[in-house]
């Protein structure tokens, strides 16, 4: 474990990714401070629409209605990052719990869980999310719940497999022999050994979810304006190519850089935890 | 082999059953339901709407509604004496709307008998017909992106493994994620702007072929330029997955005994890689076929929209946004069947090429 | 290097058109359609935007419409079956004489039976149809002889002739005995019998529909259809649609996204495209609920007695609260909204009549923008700022006419999702009102839920739009009379009810003699009443916009009529 951590800390690419992500999160969630500094907010409407970047009072210019683009991007960042993180976290919690229990207890319960996972996996997750988003009014909360409740199968499958293998290992058997409760064994012996799966999945899933949110916006069933997300800002901006290219560039770039960093991070974690990697 | 296939198909039954339940549950949870979707005009009176609701049977208990979808209602309410007026009913009332007249006999045969009902749109045609006329286009796009994904992904993965830790390896590691970190609709639009008529003018901007008045599109090899961009957008996911998978698989194989033996025998590095390593490393690629089906279907939903490609993906999106319940339910069932077949096929392939695995 | 569109022509088409067309210039007209992708086409069963476009190109009309004035002509016209009508003395019966030189493409003559069939079909109720409204308006249709029909009404209605236009000839000789099987007939998928400038070609689902020039079209302006075919190409993404038009892959485009029009204007400057714009007929408005949203009631009970519908705590009822509504209107700068929400591609409206309507009164000015006056009026109406020193502090009722003292001036402003224009309207309205202490919470609803909420009359204020028919009817019975105020199935969903308005509107509708000038005066009065009552904040009508590539010869549209002369078009190679 410590070896992995050391290896991870030495991976410059991963460290850079973490740095960028932290920076973006700080900016987004520090929006009130930044707004106070620039004396703008995401709602008030300036006299001019489509002001170019570096206009007085509007560092990144204004959008089609005359709202400050930077303030909108930061507000959108809060929503997009929250959706990504919370949905991924929710699916992770569900996935790990179900995977642990199914793998540890096995038997009939395990069969049922496997049946359920196979069932869910047989339909493209994107279709299910699309149906839910379209049929229930899409907003940030419904999206988080939908993605969380339907996106856990991959994690569950991995965790279950790993648990299956771990429960026959010596340290688990000896823990059982000294009479530790099942819950205790799961939490203090098996769960820590799954840390790598958990972290890798978390990073990759957040990235995927941010992309899914953008895709849903493109199909018209994502989070709806006036609530801003990077996805819907990008979707609506595609008709503004000639009016204000900056409106097209920034949301696209922020999605791209965020997802890229998350993928790189996931990759870096995988390498760091991979026992076959030669140091 | 036959035994294996039969067993796998039998195993798919509970899965399909689960999907049908899932789909049905989602539909039931929808506010408004099909009645709202069908009575769109503001001139429809509340009474007319109530009558339609009775006719569609949305007031029946949920299990009954599910049964109707599964098995049809031609046995629930029918005409036993041949006068055209229904006189016998099981599970559902004879007179559903309470106007004193029995409703007409049930006509639906249920999905188990191949009747997925009629679309709310598409001229109220049978859903199955609507889906079937779209399958070809998506199949074409799916195969094309699979081929492109494999022909680029595998060599890249091999080279990355051979050059492990080198510049090429790191370069592919980054490239694999770069294209996948862009929202696919955005990637599609950018490509279209760059290569289409308003940009470089190298490629057409959509559809499956040029203007054809009568006779349908020419064979695909005469219109590859139309396939190029949409295939690329779907294939970037595949390229990334296959190349990473291939790299890992090859590295895994290279650590195994027979490769070491081969080396020990004095075979040259390249010989070892390609003679022994590659063949065995390719085997696990077969397992990716199942996930590929889901990937192509989800990718198609977006890509077909951008490139005006007349496939199932767009049908999924349009039926969902139009609240075309019968089509949505049928399309999801079909997607599930396609995915299950994909997994089955990949298991069979796996068994065929890997002598160590025997199908049980 | 430009990629040429690969055009595959079937030999038969070429031969057939070259026989009749000595000087035919040819080419294929390609139009993009973003909306639904139709796969069923029977004109009696299907009425979607794209199918209606197709029907107009391959089927004859009953009546002839002058494209320049958008009015129905009592006389012959291209591809119109009736040569004119005579009105009976009581003003209730129209007798039409029909042409004897029109044939379906299978050689069958078009006659009175083909019109009677449509009427019989509507009356049979065999299959639900969008034409069912015709049976509510027309009392009876009678065949006098093979080329004469009589259409009668229960009451005289000056716009009656409009509903007759829906009885478009249908090839009755191919209809099945059992009308209920019509949806399953081949004709529903392939309109193999037609009569018009084009004939039905081929449908490639979700991709394209081709219409082929009809060599036997009798009314062709030049004696032949000047192009080879008309193709509708399905392009689901609007951004891509504009790009493909600019790239020359589409020859014509109508109503592109407002945000993209600047680019098309730029292409016009370069001589690459031709543009035609006109004040359109779809318009957006902001409506106030004038009844108690907590307790929605129909306007009248079953016996026609008025029901007390209560009043809205902020907007009041039709009589109460006019000042508040006018103030809310004054607080908005609608011209600025047009600039931002439609990129200037909208025309301001002063009342419920679109500028293109014959009854439109240009002397009625829209309510101007005057936020200071608005604030003063609200204060005078008993809504005062909670913090007298802060004009943007929320206003509370102190002696207002519609709510208890202490009620805050808060309401929800809704619109439907997926509509950037309307979202812009509510966003700007919220911001403008906020400055004078009116707090609107804005929400977008998914279309189905929005519609449900709207019809159930539980919303406070909402932004939505209407699209007027063609030719336009100025009658407002549906929009603003108690007859259309039924909870769950309304078009006057905000419960506007001004007896004076209802009376004038009715008077104009059934005016004996139907004098245009007198009706115009009545409708002008109706417009004034509506503006004074302010049940809507009238926004704008979206400008109509047609464009064609410079290669299209003969492109010469009229409002709402881009294709009236399409048989003379040719596409330069």
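Order of writing sets the labels: A, B and C. Residues in every chain begin at 1.
Note that a residue touches a chain if its C-beta (ideal position, glycine included) is under 8 Å from a C-beta of that chain, and two chains touch if they have at least 3 such contacts.
These numbers come from a predicted model, not from an experiment.
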Item to complete: Please name the chain that ends up farthest from subunit A once chain centres are defined by their CA atoms averaged.
Response: C
Discussion item. Comparing the two chain pairs, does A-C have more C-beta contacts than A-B, or is it the other way round?
Written reply: A-B
Worksheet item: In whole angstrom, how far does the Cα centroid of subunit B sit from the Cα centroid of subunit C?
Response: 38
Worksheet entry | Centre-of-Cα separation between subunit B and subunit A, whole angstrom | 24
Practice prompt. Averaged over CA atoms, how far is the centre of subunit A from the centre of subunit C? Could you give it in whole Å?
Written response: 44
Worksheet entry | Of all residues in subunit C, the ones touching two or more other chains | 239, 449
Worksheet item: Multi-chain contacts in subunit B: which residues touch at least two other chains?
Response: 31, 189, 193, 305, 323
Worksheet item: Out of subunit A, which residues touch more than one other chain, so two or more?
Response: 134, 220, 238, 241
Worksheet entry | Residues of subunit C that touch subunit A when the two form their complex | 238-239, 242, 257, 259-260, 262-263, 266, 339-341, 343, 417-418, 420, 423-424, 426-428, 431, 442, 444-446, 449
Worksheet item: Which residues, counting only subunit B, touch subunit C once they are in their complex?
Response: 31-32, 36-37, 40, 42-46, 49, 121-125, 130, 133-134, 137, 189, 192-193, 196-198, 201-218, 223, 225, 305-308, 310-311, 314-315, 318, 322-323
Response to the item:
As the complex stands, subunit A meets subunit B at residues 115-116, 118-128, 130-132, 134-136, 207, 211, 214-215, 218-221, 231, 234-235, 238, 241, 252, 255-257, 259-260, 263-264, 267, 276
Discussion item. With touch defined as at the start, can you tell me which subunit B residues reach subunit A in the complex?
Written reply: 14-16, 18-19, 22, 26-27, 29-31, 173-174, 177-178, 180-186, 189, 193, 251-252, 255, 294, 297-298, 301-302, 305, 316-317, 320-321, 323, 328, 331-332, 335-336, 339-340
Discussion item. Going by the contact rule set out above, which residues of subunit C touch subunit B in the complex?
Written reply: 1-3, 5-10, 13, 28, 30, 36-42, 45-46, 133, 183, 188-189, 201-202, 204-208, 210, 212, 228-229, 231, 233-237, 239-240, 243-244, 246-249, 448-449, 451-452, 455, 486-491, 493
